[in-house]
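Here the chain labels run A, B, C, D and E in written order, and each chain numbers its own residues starting at 1.
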Amino acid sequence: MSIEAKEEFRPKIVAFCCNWCSYAGADLAGSSRLSYPADVKIIRVPCSCRVNPMFILRAFEKGADGVIMCGCHPGDCHYSTGNYYARRRMTLLFSMLDYIGVENGRTRVEWVSAAEGVKFSTTMNEFVEKIYSLGKNVRLEDIRCRN
Amino acid sequence: MSTEKKQAELIKEISGVNPLKCMKCGKCSASCPSFNEMDIKPHQFVSYVANENIEELVNSKSLWKCLSCFACVERCPRDVKPGKLIDAARQLVVRQKGQNYLTPDEIPELLDPELPQQLLVSAFRRYRR
Amino acid sequence: MYKIAKENLSALFQSIAENQELYLPVEVSGQVNYKAWTPDAKVSLETLKTVKSPKDAFFPQSENLYTVQRDGKKLSIQPEALKEQKFVVFGMKACDIQGVKVLDNVFLSDPVDSFYAARREHGTIVAMACHEPEESCFCKVFGIDCAEPAADVATWMVDGELYWKALTDKGEALTKAVESLLTEADGTDAEKLETEKTAIRAIVEKLPYSDLSLEGWNGDALTEKFNSPVWEELYKPCLACGTCTFVCPTCQCYDIKDYDTGHGVKRYRCWDSCMYSDFTMMAHGNNRTSQLQRFRQRFMHKLVYYPANNNGMYSCVGCGRCVEKCPASLNIVKVIKAFEKQGGDK
Amino acid sequence: MQRIGVFVCHCGSNIAATVDVKRVAEMALMEPGVVHAEDYQYMCSEAGQALIAKAIEEKQLTGLVICSCSPRMHEATFRKAAERAGLNPYMVEIANIREHCSWIHKDMEEATKKAVILMRAAVAKVNLNTPLQPGESLVTKRALVIGGGIAGIQTALDIADAGYEVDIVEKEPSIGGRMSQLDKTFPTLDCSACILTPKMVEAAAHEKINIYTYSEVEKVSGFVGDFTVDIRKKARSVDMDKCTGCGVCQEKCPSKKAPSEFNRGLNNRSAIYTPFAQAIPNVPVIDREHCIKFKTGKCGVCSKVCQAGAIDYDQKDEIVTEKYGAIVVATGFDIIKLDNYDEYAYSQSKDVITSLELERIMNAAGPTSGHLERLSDGKAPKEIVFIQCVGSRCSDDRGKSYCSKICCMYTAKHAMLIRDKYPDVNVTVFYIDVRTPGKNFDEFYRRAVEQYGVNYIKGQVGKVIPQPDGKLLVQGSDLLDNKQILKEADMVVLAAAIEPNPDVRKIATMLTASIDTNNFLTEAHAKLRPVESPTAGIFLSGVCQGPKDIPETVAQAGAAAVKAIGLLAKDKLMTNPCTAKPDETLCNGCSTCANVCPYGAITYEDKEIFDHGIRETRRVAQVNSALCQGCGACTVACPSGAMDLQGFSNRQIIAEVDAICR
Amino acid sequence: MQELINRAKELLADGTVARVLGWKAGDLPYNPEPAYFETEESLKDFVYNGFCGANLSKYMIEASKLEGKTMVCLKPCDTYSFNQLIKEHRVDRDKAYIVGVGCKGKLDIEKIKKQGIKGIQSIQGAEITDDAETLTIQTIYGEKTCAYKDGMLERCHVCKGKEHQIYDEIIGESKDTKDADRFDEVRRIEAMRPEEKFAFFQSELSKCIRCNACRNVCPACSCRKCVFDSNKFDSSQKANVDSFEEKMFHIIRAFHVAGRCTDCGECSRVCPQGIPLHLFNRKFIKDIDELYGEYQAGEDTDSKGPLTNFTFDDAEPSIVTERG
């Protein structure tokens, strides 16, 4: 692919962050001025277990190019067990997406604590880079949403 | 990967033991009936494997002094089971020495009809790894 | 009458497709449905019944009606263009053609459905006789002769030759367009064709459903049939899926919905099924709250309401798709028979 | 349709330097529902809040979007501002354009674009917000403490001193717990009973404290602020009001063959007994299993000798139902069963004992009246071996994976006391590690070694072999000398691992408090909420939460009391309105949500449902909003989508997703 | 079959049950329908043969609301569904008298027809008492034969076994039909390159007509109102568009039943377009087995499902990428 095309492509990336750890981790990344690309937009949820697989599919349907979910580290969940459920749900969902031929790497889960601003920023940088390398999501998007 | 590293990996694989679980309590050595005969003591075995110091281990007296009574295996509080490590190290030596594997087809020829079946079965159990 | 050898058909399709869209039975992942022709499409004219009927060609399962574009707080509406491209549907069976007539009565009478009308105007139907009808067929019951399908062009496949007869102006025009590929049929061909027709009709006589009686199914029977206790037993195995409706060549109910594109809304219509719990759902609620009512609606519509409003024409054509596809093995024939039995019991 | 006001904060230059705030406000006006947009220097300032209030009033706003710093910073501020201006506080959403935008992006164009999208997402969400009302529930001003050991006693005293009624439920005939069994305490070596007994007396005498001994919690229902608890008072067979505690009955009781629980079965007691001399209450109970009257119907000696006429053979168990606002669990610990440690010969030799048994032997009120002697032959031991970590730090299923924490210190204490009292006795301690984190702890251990000459050997013992002459052959290893050691001992003392009282499992289930794989109660947050259970209104005191020594237990008991007092001090509880809420017409009644709820907030109820013309009784989920903490696990687990989370509803989140992706 | 009918008559006569849920002979040799029988007389139409593939567990949801007990005929695989429905409080065990019926594999008329057999007049060899070896089929176009195995539903080739998981009594013999591994097809797809996988599912799902037969027949899809039908969610769509919607529908449906699907195979049986829908469910089952330990939904009525359970050391989602 030419460099020009790459410059044109600006991915849409949705990040679900749990209120207690990862959202705070993102805040810390912000207050520490640790930059990551503006393509990432964060949605605050109370806990990673609030993220319905449907939200992720919905994001892809509407044209997202990557979806990442962040939560407290296993064992540190504010609600004690939420992220354990989320972990199983996401593992199965990602496996299914892989199975139907969606490129590996469009989805990701990362556990980021409130103290891990650096990790948040590094993760987002990595993830965005990955999405750039994968290019536009065409396999899951609904063409009716194109404009 | 260095030879010793490979060997260490192999010992871990054969024995199914993770030496990093050892908390160095020494209960194995405390339990060992052959302790005084050994140059490398049972508890040291674990650290030798963990440190990938395999050459010394396989050349040690201890390797052949272990009675396989498995007292250490029984009593180890951390599921490290030095006896299994020793057993695995022996396997390593035996395998290297003669490469003496048998294929299933070769076995019947070697069998004496008089041989008790029980012996065979226990031999398989013992050496199948 | 013309004919063309079976092996030359792909050339014929190619030729038709050069100037217009061509829809015909194509196999995809083991199932045959009407699809647009492409050079590498796996055409299957031997298939007696495609899974879905070809009604999609005139009344697609879902189609856009208009798009609302949002720019800030301003909205602009863009109606969907009507069909302007000519197209051919190739291989439609007599029953499916009758199905189109049923749809015509609905969509072409006042108020005319402009989307449907445009498609009808631009579409040419090439019909094909049924070579070997099957046990689920009962078109004869509705007076349909599957040996003599009547459309713009009628065709028969006999011994590796496709016989071609134009029946309307549209048919003549199409024939003219592909004339170079066709050869004139002669007297022996005509004989062969008659033999084929006789053979088809003989098979039809042997089919288990051919003696089905529609006696008593008309507008006069409305109250009696509607209130019959027979429904109470009949509907019970129904799973409330839409299979019968979506494979049916005559079902014409649709729902209108909005799709949020993020930049506005696409208003589309798509087939609905009277078996669905939200069928004819209105602001105040639903006027059919039980599956019995919905189940009854389907058959009353096909066999009572529709004929009452359309000079006795049934909105079932005996294609037998529902017979084959219903997951619970229910179908219109069982309904008709159930009432027959009940009549006998009286 | 909402009437939304969008307020874009400059945050001085924090936001405005990289985000074109004017443009964000302009773009906001293009969004559906937005009727007002403005930007201001500091939205959180008095003046900024006044702008918001003014706009709410003038434009009749129904929803607000504040584009500013993180909601973790000022969400509460803006919600309060909205509430003061008459708007429901939950109609406010924050678009985080500082931490998540201006601070991490340098390019103005890019940052502005992103800020606009974040604003859009927030507007899309507010469009679907509904006013939420925090629920209210009344608080019963009474606390229940389960367990009457030092943890329970301390918690009860602290709560009672703050002026609230407290009930202690203790399953034994007396309060006091494990501490009452101890002889001396480390690292001060003061007498355990001397410091515990005054606390027991204080608790018994406190007008706000009511003690149920010989009682157990039978059933718990309700939720934070409003628990209903059934307490089973086991039949004591002695009238508590009449008994004077003279002790004659115990003296005269002919059945003296019951093993004494208090002395760990090392000696016997009578069938009618108080566990120990300082027992509170000082009222005996009849152990019906050993009582001749109950076994054969004949005897009745105690009744005859009791001048107060307190003996009542017909007494029955009694259920008391009480209401509580807070519950503190202080169920303590026991030591593990040593049945699986054959190598230490615990069940083969009377001279292999646990440390807790040694406590009793050393105690003047114990089975040997405080004389150190072998239980097998009464001889004074000359050689004593202590074995550490018996069943602690063990990854197989014989023991526990954790460190029991207190053993290193009490072993040093025992060694020191023995060497002090019996200088001719040799004491050897086999250890793996000596762990002494604590004030004056390491000094204490070093004194044992340096001053008292206790022989510490690094290495675990492999086997203890009883000899025909009554000696015990201890086979251990000295890892530092790399030698195997065979040592003849007269007595072996095992530092057995401690484990939570086995009853805690039952209690945790009743309380819907979670427990970990080791049966320790889980705290709400390992670091920040260590004395609270994740279940609201349940607090943790003492070893039931994790291994602790006495000062730590007392400290935690106090902390749990403070948390309980904090709760009881409120008349009403405001509950977070962002709780799960089922749509009853969609609910299948499948219980999936209840299975994943960490708070036991979901119950099922048969209810008449009117759904599209059908009226039927269905099993539907009910969320107790006082218990629900709003995590949302149930909303995703729910197969039918009936469960939704207020404030973070499916449609709200989907609207945000759509807004970001469009 | 006679034994079944006799037993049904007894149970009706002595008042144990108020009705019998079984199959009624159809008007073609291969289309018996699920039916209720309330009188001895009506049982003359009762039939149980190789074409009685329907899983009657789902009907028990409605039957549980009726007065009195229902005698229900459940095949071994159906009993898994019934157990699962008990677990989810959707059926009432006390309202069911379960007769476990024997099974020698169920037939797929589409498969038989695919072999060029048409104009079917009668079929011999499909009775439950037959040895399930060969089918002899009379057609308008002459007599045809077909090996029983070749006409069997896919699910019967990977049968979970002929043991009933729950029953009050068992009537009729079974015959083992398993001759393939149920995860083979899943493995074949897993081994494909992403483009191939995508093309495979795109081609299969492009056939979907959104008739909802798979959903409505599924015992795990027993929601009172499906999210795809409810206006309360923005997912309520009916269009069959080739881009994402069908995939969304099928992935969400598969996820919806993940951990609850007993692999009864009804979805694939009823799909009018022959889409192998079980490939979705089995992928989840395979993943669950591999990642969280073997789990068979419907084996019992009280265990925790894999998605409402966890262990502290579950695999991380990144395993999907790592295992490649």
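In this text, a residue touches a chain if its C-beta (ideal position, glycine included) is under 8 Å from a C-beta of that chain, and two chains touch if they have at least 3 such contacts.
In this text the structure is predicted, and so the values were computed from the model without any measurement.
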Partner chains shared by chain B and chain C (touch criterion as defined above): D
Chain pair, B-D or A-C, that carries the greater number of C-beta contacts: B-D
Most distant chain from chain D, judged by the mean position of its C-alpha atoms: C
Chain D and chain E, separation of their C-alpha mean positions in angstrom: 47
Computed distance of Cα centres, chain D from chain C, in Å: 69
Cα-centroid distance, chain A relative to chain E, in whole angstrom: 37
Touching two or more other chains - residue numbers and ranges from chain D: 596, 637, 650, 654, 658, 661-662
Contacts with 2+ other chains: residues of chain A: 53-54, 58, 62-63, 81, 85, 89, 144-145
Interchain contacts (touch definition) - all pairs: A-C, A-D, A-E, B-D, C-D, C-E, D-E
Chain A to chain E touching residues, read off their complex: 53-54, 57-58, 60-61, 74-75, 81, 84-85, 87-105, 107-109, 139-144
Of all residues in chain D, those that touch chain E in their complex: 583, 585-592, 595-596, 604, 611, 616, 619, 637, 639-641, 650-651, 654
Contacting residues of chain E [partner chain C, same complex]: 26-28, 31-36, 54, 59, 109, 118-121, 139-141, 203-204, 206-207, 209-213, 215-217, 225, 229, 234, 236-241, 269-270, 272-275
Parts of chain E lying in touch with chain A, wherever the complex brings them together: 186, 189-190, 192, 194-202, 227, 234-235, 241, 243-245, 247-248, 251-252, 254-255, 258, 280, 283-284, 287-288, 291-292, 306-312, 314-321
Residues of chain B defined as touching chain D within the complex: 21, 23-32, 35-36, 41, 43-44, 71, 75-79
